[in-house]
Amino acid sequence: MQELYIQQALSVQIGIKKSLRSGILLDEGMPVVLFFPDNTKKLVVLKRGKYTESKYGRIKHDDIIGKNLLGKFVKTNSGARILVQKPTIDEIIYSLFKRKSQVIYPKDAYAIISEAGLKRGDKVGEAGVGSGFLAAHILSVIGNEGEYYGYDLRDDMIETAINNLSLLGYDVSGKIRKKDVKEGIDERDLNAFFLDLPDPWNAVNAIYPSLAPDARIVIFVPTLNQVIKFLASIDDSSKFKINRIFETFSREYAVSKDALRPSPIQSSFTGYIISLVKISE
Amino acid sequence: MQELYIQQALSVQIGIKKSLRSGILLDEGMPVVLFFPDNTKKLVVLKRGKYTESKYGRIKHDDIIGKNLLGKFVKTNSGARILVQKPTIDEIIYSLFKRKSQVIYPKDAYAIISEAGLKRGDKVGEAGVGSGFLAAHILSVIGNEGEYYGYDLRDDMIETAINNLSLLGYDVSGKIRKKDVKEGIDERDLNAFFLDLPDPWNAVNAIYPSLAPDARIVIFVPTLNQVIKFLASIDDSSKFKINRIFETFSREYAVSKDALRPSPIQSSFTGYIISLVKISE
Amino acid sequence: MQELYIQQALSVQIGIKKSLRSGILLDEGMPVVLFFPDNTKKLVVLKRGKYTESKYGRIKHDDIIGKNLLGKFVKTNSGARILVQKPTIDEIIYSLFKRKSQVIYPKDAYAIISEAGLKRGDKVGEAGVGSGFLAAHILSVIGNEGEYYGYDLRDDMIETAINNLSLLGYDVSGKIRKKDVKEGIDERDLNAFFLDLPDPWNAVNAIYPSLAPDARIVIFVPTLNQVIKFLASIDDSSKFKINRIFETFSREYAVSKDALRPSPIQSSFTGYIISLVKISE
Amino acid sequence: MQELYIQQALSVQIGIKKSLRSGILLDEGMPVVLFFPDNTKKLVVLKRGKYTESKYGRIKHDDIIGKNLLGKFVKTNSGARILVQKPTIDEIIYSLFKRKSQVIYPKDAYAIISEAGLKRGDKVGEAGVGSGFLAAHILSVIGNEGEYYGYDLRDDMIETAINNLSLLGYDVSGKIRKKDVKEGIDERDLNAFFLDLPDPWNAVNAIYPSLAPDARIVIFVPTLNQVIKFLASIDDSSKFKINRIFETFSREYAVSKDALRPSPIQSSFTGYIISLVKISE
């Protein structure tokens, strides 16, 4: 059972790797996005013998696998034409990663990375790894030259994050540890630190000795009570200065030639981002 | 005169390079961010003999240069304590890049890059380079392994973009050309294409032959008339499918312990993002 | 059947009338709002022998009717305590009015009335009455001293609007007519005119002769294509000047002591409001 | 001096009264709105011998006074044509009322009135009258049949509010008192109560005995700290239930035929509205 799971994950991992390369035909294990006539879309992982159901009819994966269908149309059993394309990395992450917790969405992940000033080769820590969605973005920016250290309190989260990140080819099995960062961490000279914890005010002083003198710290919290508690914890003796507090949004419009307008009901809140700079004295 | 300019630019370029490395003391030519007591901040490039004025008094650059003041406080002539820190890349871009045109802000730049599925090693084109702000983000993601081709109609824009990008150490002098992409471009197999043009509907078909079969195309336009015109240009015979149309926002909160609230007046619109996928048949 | 309907409507009408007066005990036919422990609420019209189901158990209307339960708690069959209160007028309108069409919500209705400068005693016209939601707000402002003229193309809409408005005690049976305002209307000296039509650009000139010299005209449209078409229809020879184009929003927060935050998914678009002033020459 | 002020105020009061009636020619003391070619506008009170400066040239009030210029164009000294119209009530309030404090804007005033279920004839109280902007909206809804009681701690506020409201013909000179509502108020059976105080959590229990059993209470606060403190003050023994917590927005679009888009910088926050229902046991 466990072996089967590993084998499947491996197959998807290989498929994703292929998918992110150019000039590769659509093959079993590869994720593809199906674009339907009503401007909805669905990401599916191709598998021999499998079908994907839709309101336009059933799509046979064998009609796609091994065919040169990239950017072309596959026909459903009822004759509808469905566009087949490769997904972007973010479409892969947000469709294929398992979710064991509230996840951080691209709009927030990129804002967090921008605030942290993250770049290739950086050495970073993250407390509250969760399902590893932010970690995927961090790893992509710091690259192989960078160093990533994750901390979480729950075994199942750590396992989920490791499995999720392996899909993108990142091996972080030794890099995410079960640890309460409030007790301090061993790493030193981290360029950036990310906190997605219920009580970041209890953690920032503990991680202080691990930060490089020019480190940026970025906190993500889902409630205003937490923002206010964090603000209350900062005073003149604090070793951090708050740089910005903000929210991000994305407003979706219906893709309609004759009736362009925002989607009437949509996501309108995820969380608050607090960014800090270190004070060295 | 021109020589002096190049020399100064070179000095800033070296300063930025130093700034983006860890463990480097604050030196002449390096950009630093000054964080004031009222939660405002200012990025300045350090220069011997220079002063920066503020409502808290005058800051002498010589008090910072060569001192180990990173994350520490410099005193103004009237005794106020001002925190000195290194800037993030985005703080550098949005403070030091010259602006010859409306620029693309981080919130949009990152959303555009996410939609394009951009990754290390990609080969991309950009029409309407402007002052090079989006290009800075693109170059950072695709890295040295990637290939960037920019097109613009105005010599002064091209020069501005090349100078701006050189500050971050990117040499794109041969890569940004004066060209109307509506006449087609020579490059082939581009993974992604970015358009910041007044009339993208006139350009997408011309760039079509230059795109890889799985290319994503992302358009940025500042008006709804352009969104509607672009939608009107798409029909059943089109070689592109519209994936998403959206806006991004960032809502800033006052950094205030006792009066947390959004800033009453703030930026509330930049532009619309339209993302496309290629159709190959 | 029809008679039964009229009788029921009459009973509700009387109940609403009672409800909007102070010092009246809760009686059959009266609408009440049930506030549940999870901060949801429900408006029900009290009826002998009836029960209202909820996840907290079943509420027996006979436990409320005739009792002095205003602002007190009724117990469900499983013992939960549910607060009983009278509804506001807007809660009545948006719960009890039948909906035959997209309706105009309070946030837009009040903005429309403010733009029109509506006041007691005004003489107004409305084209595209729909289910009469905006009309309810208009009638409340202009009062008995005012004059309201509604126009709609559909018999079922007119009937729905008349029935809905009768619930609040407004008799507009002769005041809403089946008429295409593009052919002109007979009324004269209207202080304000409201248009909720698919093609307002085809209607404004036809209603022009019916407007007082200082009339304000307010248009509500659900798409950007309509806003752009309306703008395109205005030129130097136009008899109207556009005063404002805007959208309204309301952002709901979860009523939670420990986790104050905006509702993650909520209504984020209804329509655009265009307000005009008349040009007399 | 004081007399002159009263005389001027009286003249404006008469002018506004005239302005709000139909069929009245433009006369001295009347407010008019000047609509400029660039879609900006300005409200001015007409005065013999006076000029209004604009970037389109100087407008002579004597060219408007006594002329039948309603909805017509007045020429500036440089020949530009400026549209002259009567203002709406809200344009009058927000242009002519003096501001001694942060004021409540129409978008919030109407939302507050909707939440309170305010209607003609209601008996209401308001603590924290400020400059009287919300009171103007309240008085317009409750009409002469209603009763309004205002409370404020500052003499200058009370005077400002009384003068402002007199411009619309409301005489509230005996109705706004200098009083701390935290000590309780004498009025009874109020249908609605409005609080715009720094610490509403200290006031709600004091006003409780003055409220009718079906009263609605609406609180306006400018910070999240206040929302959280108010939430914290509510528990199972409370005599109020929180109905809604929300913010309102209005998004302005540039009135432009060829470049429709939201104004890039605009008001994006005013305050939070908390609405309560009374619990009677």
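Residue numbering begins at 1 within each chain, and the chains themselves are lettered A, B, C and D in the order written.
Everything below uses one rule, namely that a contact is a pair of C-beta atoms (placed from the backbone, for glycine too) under 8 Å apart; a residue touches a chain by one contact, two chains touch by 3 or more.
These numbers come from a predicted model, not from an experiment.
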Next item on the list: Could you name all chains that are in contact with chain A and with chain D at the same time?
Entry: B, C
Note to self: Contact counts by the stated rule: is the higher one at B-C or C-D?
What the structure shows: C-D
Note to self: I want to confirm something about chain A and chain B. Since they are copies of the same sequence, is their interface symmetric in residue numbering (over half shared, so same) or not (under half, so different)?
What the structure shows: same
Checklist line | Length of the line joining the C-alpha centres of chain B and chain D, rounded to whole Å | finding: 43
Next item on the list: Could you tell me the distance, in whole angstrom, between the mean C-alpha positions of chain B and chain C?
Entry: 47
Check: Whole-Å distance, chain C centre to chain D centre, using C-alpha means?
Finding: 23
Checklist line | Overlap residues in chain C, where contacts from two or more other chains coincide | finding: 224-225, 227-228, 251, 260
Note to self: So in the complex, the part of chain A that touches chain D is made up of which residues?
What the structure shows: 224-225, 227-228
Checklist line | Interface residues, chain D side, partner chain B - complex | finding: 222-225, 251, 258-271
Notebook entry, point to check: Where on chain C does chain D make contact in their complex?
Noted result: 20, 22-23, 33, 35, 39, 41, 70-73, 83, 85-91, 106-107, 110-111, 113-117, 119-120, 140, 143, 189, 191, 212-214, 216, 224, 227-228, 231-232, 234, 241-257, 260, 272, 277-281
